[in-house]
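So the structure is just underneath, and the comments pick up after that.
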Amino acid sequence: MLDQSKNNLSQQMYEFAKKIFPFPRSLTGDGVRQTLQAIKELLPDLKIHEIPTGTKVFDWEVPKEWNIKDAYVINSDGLKVIDWHKNNLHVVSYSIPIDTTVTLKELKEHLHSLPDQPDAIPYFTSYYRPTWGFCMAHREYQKLRDGNYRVVINSQLEPGHLTYGDLIIPGREKKEILLSTYICHPSMANNECSGPVVTTFLCRWILNQKKRRYTYRLVFVPETIGAIAYISRNLDALRQRVKAGFILTCVGDDRAYSLMPARKSGVLPERVARHVLALVLKVPYTKYTFLERGSDERQYCAPGVDLPVVSIMRSKYGTYPEYHTSLDDLALISPDGLYGGFLATKTAIEVIEVNETFKSTVVCEPWFSKRGLRAPLLGGTTLTPWSALVSNVMAYSDGEYDLLAIAETIGCSIFDVAEVAATLKQNGLLERVRECTPKPR
Amino acid sequence: MLDQSKNNLSQQMYEFAKKIFPFPRSLTGDGVRQTLQAIKELLPDLKIHEIPTGTKVFDWEVPKEWNIKDAYVINSDGLKVIDWHKNNLHVVSYSIPIDTTVTLKELKEHLHSLPDQPDAIPYFTSYYRPTWGFCMAHREYQKLRDGNYRVVINSQLEPGHLTYGDLIIPGREKKEILLSTYICHPSMANNECSGPVVTTFLCRWILNQKKRRYTYRLVFVPETIGAIAYISRNLDALRQRVKAGFILTCVGDDRAYSLMPARKSGVLPERVARHVLALVLKVPYTKYTFLERGSDERQYCAPGVDLPVVSIMRSKYGTYPEYHTSLDDLALISPDGLYGGFLATKTAIEVIEVNETFKSTVVCEPWFSKRGLRAPLLGGTTLTPWSALVSNVMAYSDGEYDLLAIAETIGCSIFDVAEVAATLKQNGLLERVRECTPKPR
Amino acid sequence: MLDQSKNNLSQQMYEFAKKIFPFPRSLTGDGVRQTLQAIKELLPDLKIHEIPTGTKVFDWEVPKEWNIKDAYVINSDGLKVIDWHKNNLHVVSYSIPIDTTVTLKELKEHLHSLPDQPDAIPYFTSYYRPTWGFCMAHREYQKLRDGNYRVVINSQLEPGHLTYGDLIIPGREKKEILLSTYICHPSMANNECSGPVVTTFLCRWILNQKKRRYTYRLVFVPETIGAIAYISRNLDALRQRVKAGFILTCVGDDRAYSLMPARKSGVLPERVARHVLALVLKVPYTKYTFLERGSDERQYCAPGVDLPVVSIMRSKYGTYPEYHTSLDDLALISPDGLYGGFLATKTAIEVIEVNETFKSTVVCEPWFSKRGLRAPLLGGTTLTPWSALVSNVMAYSDGEYDLLAIAETIGCSIFDVAEVAATLKQNGLLERVRECTPKPR
């Protein structure tokens, strides 16, 4: 666990998270652009797209662009009791501009705090309802005294654009593996700097691979409206090409692994994710149901889209106490946490790349010993584990079980199975067959 | 639970049970006619049919008609030790006429009692074997002293008719919901006055509905031979039209709920019955297997008929100690018990009426908030329960899940799902699709 | 359990095991021929085949023939410390001829013993790697002192033949039941005299049956190469005709029952074997998985062959401490053990012979009482067990359930079901339909 490259990578990811953490992201605006620019420094081929406000995307329409330069509340003593520059969660996202003086009572109608978490600034948005508001720690809220308050939000909510980025990395096959993440949350770390950070580094890793069987589609969008806009522009390609997809979200802390399945059960990425967690990484994890969804699987798995898309997360959104507050900060995530998130989806990709379906070229068992494929125990019906694996991979390679199904049947890692299968193929004992969807067993 | 209409209905059903309880029912004869006449007073459109003795019905033949006016046994002191007028269970049903004097020993060859239930008069029949017999409480049986006994059964067993009733209530669709019950048991309450009583009041409730999607077929027949005769006259219609059927039997006591499935598992009324009991009424129930069948599902589910027919019962026949004895009397059933039986099948009907299959008219999630379909929590990824339901109904409406399958997936009542689906349809977000049989999940 | 015929048969099998136990079997050679000759004395129609060394059989080639006349090791005192005549396990099977003098150190490189089982001579082979070796009890091994040892193996390893036997016993149908066993193990009793012994007596029992529905294919081959050679000569016939197959191995001790399924789950002989063990013999058993295979199912179930072949064993190979040592001797098996092995597969054959699919000739239930098929309980909805069985067999005979599926649904022996079905057929209530594969339930 201490190999240098892992440490390097973990640290690089954490540093990148620190870099993008403070940007004032929202559904739209310069915070999103700033984030995409930072990603583009690491992924120069990233394409950045702008969709004008008012564009129809399926049932929705691209909203006005929101930008903010400053926001604060000053009490009658001239003290700034809320200062957006200290934490961008202080302002309700998409707040309309305001510059006025109000009583405490009037102010409180626009304040949000969490009595049960008195030190946490909550995260609130008001994307589709024009209003303004501030969020603050309840402990600070309780200190507010009667009097007049100057309230300033120097924001713009005007026709502009929705910004997103994507990148296609070609492979030998046209079939695609989709990685999608979102870039609309302001200063929170697990949800959601971790998503674009890990996706960026996964993309760099993919680009570094010399051989790529599948084509990769990387998508950095604002959640919901961004995903919908993206799907509306790419629906046919997505439906024809996506073999498996992963939404990268909540991949930064080091407390848990979580699996969100697709709407339709048993799809390839779900099989792969379960295999990775249980038999490759061998970590405990919580399997949620699609009823507990909350991210862009809501769009990718919706009727009419129906892509096989899952999420392998660390602590799932909505399940940890710091979620959607200022406590979800850089101390909550860690280099190890990010690396675990990176490793899970990277391994899932490797599983899909390596998964093939083979068929025996011989009838009956092959003569393993002639080829040195059977540990030459003198006598001995007890096979070495490797010989047993050779025998099992051969026995199940009937053109119906893919390597993943064979590994699941045996209860071992697909990488061990694939290595054996490669040896058997080199020996002319297996031939690759057109992939087929294995029947449920 | 104390609303007036429920109380009224419960009482009306109980009074009607009291009214028909004493009629001397058997497979055939005036007791059956009397019962059907009483039902017809409540259901004027009921059609009463007579099938002549000797008519071939599939493998069977309609038996002679049996009627009885009186029956008794007098001991040598001139005392009536058995008197049919006191309880019509005293005579073995279909006993041939007799008027003779016998010794105690001879008499005992024709007496039936239950040593383990000394106060219960058992219920015996001898439909297809010409003999005579009396049933009595074992406590009375033990009091019989040596001597001669005058034995009189003033019965008739002669060519006549088998009598049954039916009623078709048309709906918008030709597909039918079948309700069948039997009218051949003499004075017993749970098994079997409760069946025709609850069926009669279900029929009145159906007639009161302003909108009926399905056509309803109500059948009041003597058990077994009556059901066979009915099926023989209506086989093609039944096989073409019956979408779901329910046999109403043992629906009068208040001690249990029971489910008898159809021969083929997973048919619509079974899915519906389980949903009603578990997720609508939320009552515990015993699920029996088809091996424990005992009523007219033996005919409706037989090879060559194979209708989807189940029974939602209270205490199932054969499982409660008073079954088929004089202890199954009007004290065993109750207004509440009858109402529970009524409610279960009524609710099942409502489920089938409301169950439809919808498909999203939009790609991706719709813009709920634009339409006020999302509780406008400021910020807030936590949805209200209603918003979550809206989201889930939309997410699963892919033209394959019917509303019942959606409700089962969510674990809530189909009526909540249907209400939300109606709202979504009004908003143009769902369209009805031709019903399809959902795949097992 | 003490009926004479069973005792006779058990004793005859045990005596035959004693007879063939000492023959020096190996993959090839006169020990195999001697064994087949002994079987042919009991099965005169057995055909014995010889395949020349070097013949290609799928991926393999028939090896040289190995014969041995004597082998021993003499110490410097002139004492025979190992003598093949005392136990033919002392020589590694397929040892090349040798006649030399070696030091103790050199000798030990060719000695095999089991420190954990100091009294057991282990069983070793070196079929495809030319070498020589001796096996001995570790207790004896430890007594060897420094000095020179004369080593003699008077063996021949030369072009010759592989010998096997087979027998086809015709039945009314061309579809076959395959029984296969192996004849290549030297003096060990459970694994593997029991296999050919029980198979021989099963064959005699089959020949004694006056009516045979299926054709029987009996195969006596050396394990692995023999099975592969046999399949290579008969592949088309096997694939077209084998309805169910059983490998007879480890059927001699009396400590356990074991089931090895086929590679594909749920095939007929697996259903049958489970039924036999659970509902006919009512014995506990261990169900292994195909990953734990180790006998000729490796060939019969291989991709490209894929026959429905299972094994019903007593103590499975590899699972009992005496396995593949001199402790697997005639004291380990017993007449009762052999009889249990015989009975399990014999019963499985009887199940397959009796299993048919019937369809009701009537619509609705038949009029059982008219035909005396319903116990004439006066009144009585409680059926006798026999009447209940009659009713259930009739209810499930819809042309889709075979008798085995009906028996499994009811939870009773297929023989009870078949007896009832025969009665119903005689009464014209059931007709046989073309067999269909029942859907999994």
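For clarity, chains are labelled A, B and C in written order, and residue numbers in each chain start from 1.
Note that a residue touches a chain if its C-beta (ideal position, glycine included) is under 8 Å from a C-beta of that chain, and two chains touch if they have at least 3 such contacts.
Worth saying up front: this structure is predicted, and the values here are computed from it rather than measured.
S.K.: Pick one for the touching-chains graph, please: line, ring, star, complete, other.
M.R.: Contact pattern: complete, every chain touching every other.
S.K.: If you list every residue number at the subunit B and subunit C contact, are more than half found on both copies (same) or fewer than half (different)?
M.R.: Subunit B vs subunit C: different; shared/all numbers falls short of half.
S.K.: Please compute the angle of the rotation superposing subunit A on subunit B (C-alpha atoms), rounded to a multiple of 5 degrees.
M.R.: So the copies are related by a turn of 120 degrees.
S.K.: Taking the mean of the CA coordinates per chain, how far is subunit B from subunit C in Å?
M.R.: Distance between chain centres, rounded to whole Å: 55 Å.
S.K.: Any chance you could list the residues of subunit B touching two or more other chains?
M.R.: none
S.K.: Please name which positions on subunit B make contact with subunit C in the complex.
M.R.: Residues 58-61, 92-93, 112, 122-126, 128-129, 131, 133, 224, 227-228, 231-232, 235, 263, 265, 290-291, 293-294, 298-299, 301-306, 317-318, 324.
S.K.: So in the complex, which bits of subunit A are touching subunit C?
M.R.: Per the touch definition, subunit A meets subunit C at residues 359-360, 362-367, 369-370, 376, 378-382, 391-392, 395-399, 409-410, 429, 441.
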